[in-house]
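Across the two complexes that follow, chain A remains constant while its partner is chain B and subsequently chain C.
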Partner chain A sequence: MLKKIILGAASIAVAGSMYTTTPAFAEDTLYIPSLSYRTGAFAGAGIPISNGYADYFAMLNARDGGIGGAKVVVEECETGYKADKGVECYEATKGNGALVYNPYSTGITLQLIPKAPVDEIPILSMGYGLSAAAIGEKFPWVFNYPASYWSQMSSILKYIDSQGGIKGKKIGFIYLDVGYGKEPIPLLDKLAPEMGFEWVGFPVAGKDMQNQAATWLNVRKERPDWMIAWSFGAMTPTAVKEAAKIRFPMDKFVGNWWSGGHADLEQVGAPGKGYLAANFSGIGTDFPALQDVIKHVVDAGNSKANKEDIGKVNYNRGLFNAVIMAEAIRSAQAKTGKKGINGADMRLGLENFVLDEARLKEIGLEGFTAPVVGSCADHEGAGSIFLQQWNGSDWERVSDLIAPMTEVVRPLLEEAADNYVKEQTDWKTQSCG
Partner chain B sequence: MFYREAGQYKTSYEADSAKFPIRQDKWFIWFYLAIAFIAIPYFGGQFFLDAIMIPFLVFALAAVGLNILTGYTGQISLGTGAFMGVGAYACYKMTLAFPDVNIIVFIIASGIFSAIIGAFFGLPSLRIKGFYLVVTTLAAQFFLEWAFIRIPWLYNYNPSGAIEVPQREAFGVIVTGASASSEVRYLVVLSVVVIMTWFASNIISGRIGRSWMMIRDMDIAAELMGVRPLYAKLSAFAVSSFYCGVAGALMVFIWQGAAEVEVFDYNRSFQILFMIILGGLGSLLGCFLGAAVIFIFPIIIHNILPPIWAIITPWTMSSSQADLVAAVMIGVLIVTFLIMEPHGLARLWAIMKQKLRVWPFPY
Partner chain C sequence: MELFKLIFIEPFEVMAALPDLLLQTLWEGFVSGILYSLIALGFVLIFKASGVFNFAQGIMVVFAALTLVGIHAMGVPPFLALILTLGVMALLALTVVKLVMKPLVNQPDIILFMSTIGITFILIAGGQLIFGGEPKAMITTELGLPTGSSDWEVGGGIVIFQHIDIAAAVIAALLIAGLALFFNKTKTGRALRAVADDHQAALSVGISLEYIWVVVWFAAGVVALTAGILWAAKSDVSFALQVVALKALPVLVLGGFTSIPGAIVGGLIIGIGEKLFDLYWGVPILGGSTESWFAFIIALLFLLYRPEGLFGEKHIERI
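Entry: the complex of A and B
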């Protein structure tokens, strides 16, 4: 019996491995891998992101027959938000003619950055990853449109300044104690004397994400005027609940754009009313492009998302990621005159696309986000963000677009990029004319 | 029939206590080495080398390290991930300080740092055993993880808190960094693993290894017979951590290219522990078999299950579903193995070998 099972399993395995010889993609398809995390601790954010990402391309395929006549093939590979599985997915898919990678995890991004110039496949880490990658001269193959963490932090500080001044105030910074959370600290150090505020850090270790009672006791002791959160996954609802418990004024508590998804605050509900979060992609479905997604993909039964989840924060984030890539593909097609492009063409596209107000209106996303324009030197686009507020059951946009303090952030980014490149021998840079 | 040692006479002590006393085993090992050193780098594609073989060898080396401690000396440890981290951070700091030195020298030398830290955290083992020791090694795990986060000097004040592997050469060939070819990196890992495993097998069959096994089997009896527990236990911790440290340095420098602290967390320790339990405690072969099952098996499931599923059923299976199936299958496999063959895959191999020796006339 056991022998039969083993033999059967082995023969299936052999048959399967024969079948999985690299699928040949036709010349005029655009192959885009999607490193998803539908499982694991961060699936709450990962699922809507992957859905939005896939649905936008599915909509373009259904409505326009692809981009510039070439069909888009999105292949998902599950990473579970783990760096080693992310690299495994990268190795498994890059041979299929991948145009661009969106790792959706800072850990995976850091591991892929050195590989990008060698394999000639660009990386678009949209609003995460290495802030210093914004310097296009030093990181030709890495992009973090529409804004880096440092730009975002400067925008949040500007918002606080606009709400009754920041001078002489005390800012509490609660962060996940990993690379992601620590990233904005140099900017806080730099801006604190310039803007005249004082800041205190409250690190939360990864295993204590859901156990922050002690941290918030410290917050109560320090009595900050404002709190800023760099949290992710289960850390966000826990932080908001604990803040509510110590009666911290919710409208003085600002999360970054990974700390403000629907999945995060729906678990908190009414006590989280007033909590603010940064965002760069519109909320809701009142955009023609999203209506098209619903019509061509969701109603046709080709989406993995439930209809009521369309238009939520992280779904729209994933969709916006797809929009940037689609625009870059169009730009690359126009530049090279080819239908099916490769990774190097895609890099050109990412440096040359123009997503201005007019173009946003044309693709049915007017007012969805701030304009983003690709460029050789500036790989973050210095995009503006807006703030959204939790009303107890849904997110509402509450601020205008807030531009980052480019004049402060840019020199810091350049310094960080120099430091990164200094450690690397034979690093490929580019000069922008 | 094929595997019969009839007619192979041993005429000296050396021949009798040889590593592979049967002639067929000697042929096999040379055959396997030839495949590993020639055929795999020549025919294996980049995915096979980068995503399967290199990590497999790295984990096998870490499993050898843990097996020395847990399988041969009987001291259970959950600090493997952290000891791997010590090796990686030590190698990183050394190569930044002396960029022109052959990187392989530093990869090996990083094991020394790990050995010192490991021996230090092994001190409680002189007084406590079993579950209590597990807890103290877990404390080492948490303390070292904390240190990797909180001591910015270790990651060179990088704002993202990660270590990025610079490009380094050995013998004029690029070995680390993204420009290093898969074949070169594979051969470096393979050479280190083969040489270190060979060392390990010699240490284990020698005086030191026998004293470890005496401590494992009954420490009081061992002490009465003249084995000093201080030396035996601490040397086991040091050697084990040395192996883990080298594995950690290889993992970051040759395999991943960059690392955050999370890659050295306690999940890594458990992963390595599962490898030696499934592979077989107290067996070097088991380390390799266990690493193969725990690491390679899910990748195979992940990559071939969706296409098979598409052939045999009308539905499609997504990558994340395949991942979940792999996780479930690994769990079931561990439970099944612990019930049906508690001595692991190595024991299964030994049974198979015995069957082969007497085949086709088992009586």
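Entry: the complex of A and C
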């Protein structure tokens, strides 16, 4: 009997950790599924992102009664960062009136891109996913504000160029050997001859994220002047520890915006001092909107986050994602005159929201990020990034905003978008006049 | 001709030109190898005693490390946390034997193997429910493990020895030696070998199967805890760590599933071999990332030509 009780409890615990129940929704609610990964190898990023995302909407509900009079319902579905689970979550929730999907995984995004125009539910892969989706004419239902991976890489290269010049330098590129990690390689190939640098790749297989000794022996052999990381999860602290081990200068090691969370560097501590990472959302709680989140959600006991984790890099990343959602919803409500909108309305909102300096100040996020303005043609917004640096115990912003090399990146994105569309049958494009 | 040069000439030219890099590679391979051996040892112990391939060994590494860090985070001093974690691993061993092994005794091997997959999922879910999914830093310095490094100048370059790597190699070697002595020289160890040879014969001379299983599952838990501490010191404590345990599979194929010396030698061959291959042949010829599959190719070759491994027992079944 005891055995049955224990086994039963364990089964319920396992099932409970993997699935959520589906509530019923009123017509004037705004239903937003959240594809989260609070479990698995990448939970270190997934947990704070999901918390920041949910808390901003909870704050709008508590403080303003929702958006435009409609309450926001965020329903989490656990993907474990796995593409098959992500698709399961999509199929399980889309029928509830989902307005938009934020997959938080390039793998899941790639699976959902063909589904978006069919189900008429847009996808916002905020700073990840398919770079070519930035071309709005070819990808009417997919967005990657505030910048694509290619734009980000171009900004990082600009930063390196500003630190004594990039011409004649050797750049080492360490990347997770999956679609996400390989995404910026075409841009490196394109820019290397134009900017006069040489690049050498160091792929790390998923199952060797915590076993990088051989990779860093190669780095030592190649002696690059700079290292750029396209890492995620446990790969980042391991890479930084290994870099410290071979005494690679940390201030010449730049991670992308998924390689610079607090959870990544807190595992490293002092040896990681000087490591740089890209970012597009503010750090800390010194913003009125963050203070409202603390007041209305965290202090009210309605957040899953610990208070000390509010304002950390990935929490604020999730929060910023919710800000873009909220602004797009407001825009859609204004355009359609409806309180409760649908996926098609949301797509309209994503192409028409204006998050400029004035609006950022109005919503309590002045200086939090570079302005982002939605448009039909440009679904990435070509946003600027900044660099942050690990001081041994925390991240500090160390650069001004760095705009991407749009003149180089945009033609490449257009070419890639054309190629993608050519391979599809019956693909819907749009004209942006 | 170009390929011939890449395979037979250039690697050796690089070795000669950069002897410090060669020595560093051998050292890194040795450290990885001894940790692979340690993880493989956990599999060997349980396989020897019960014929079960314990799929849960990888997650046991994560669970043990998480428990240690989690208990310490509650304000418990590090060494008391270590002792309490050993207690948790003992409790886990007892629970597994009572609830899984004993009811399934005499069932086909595949049933027992499947049950360890079940244990894996329960430990994943349990670990996440109790300690959360966030990665955590190993309490390396709190446990008195050394930091810093020493250099050895050689051939115009340096070989860097991280003190934590030296400590990892020494601790792993001591644990392996201790377990080998325990299982070869003590009464319990002899009983384990009797159980490994023949369950029914062991039972007939009064050896308690249940007791032996608890001992080996606990020993595997101790090995998992040690591997978890030492490996997490190089990275972090996260669920990604369980994948590292997969490296024990080719080690086992190479060394033999029932041989403790095999686990040691197999681990070292894989550890050193994969580092040398990746650096001198993998990157120039194949573009790198060969560390993830090199060991499995070696294992495949062994399965084809010497399936019992270097030290495994050759089974001849007469019909």
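We adopt the following convention: the second predicted complex is superposed on the first by the 409 of 433 C-alpha atoms of A that agree within 3 Å, B and C clash if a C-alpha of one lies under 4 Å from a C-alpha of the other, contacts with A are read in each partner's own complex, and residues count from 1 in each chain.
One rule holds in what follows: a residue touches a chain if its C-beta (ideal position, glycine included) is under 8 Å from a C-beta of that chain, and two chains touch if they have at least 3 such contacts.
What you see is a predicted model, and the numbers here were worked out from it, not measured in a lab.
Applying the stated contact rule after C-alpha superposition, one finds that A:111 touches chain B and leaves chain C untouched. By the touch criterion defined above, A:177 lies against chain B and chain C together after alignment on the C-alpha atoms of chain A. After overlaying the two complexes on the shared chain, residue contacts for A:39 are found with chain B and with chain C alike. Touch criterion met: A:208 reaches chain C, while chain B stays clear of it. Once the two complexes are overlaid on the shared chain, A:431 sits clear of chain B and of chain C alike. On chain A, the surface touched by chain B in one complex and the surface touched by chain C in the other have residues 13, 17, 38-39, 177, 205-206 in common.
Chain B makes touch with chain A in their complex at residues 45-47, 50-51, 55, 96, 99, 146, 149, 156, 158-162, 164-168, 177-179, 256-263, 265, 299-300, 302-305, 307-308, 311, 318-320, 322-324.
Partner chain C is touched in their complex by these residues of chain A: 3, 6-7, 10, 13-14, 17, 38-44, 46-47, 177, 201-211, 213-215, 217-218, 220-221, 233-234, 237-238, 241, 245-247, 263, 266-267, 269. Residues 14, 18, 21, 24-25, 28-29, 31-32, 99, 121-122, 124-126, 128-129, 132-137, 149, 160, 162, 231, 234-236, 238-241, 243-244, 246-247, 274-275, 278-279, 282-283, 287-293 of chain C are the ones touching chain A in the complex.
Those residues of chain A that touch chain B in the shared complex are 12-13, 15-17, 19-20, 36-39, 75-78, 80, 83-84, 87-88, 91-92, 95, 106-107, 110-111, 113-118, 130-132, 177-180, 182-183, 185-186, 205-206, 304, 416, 419-420, 423-426.
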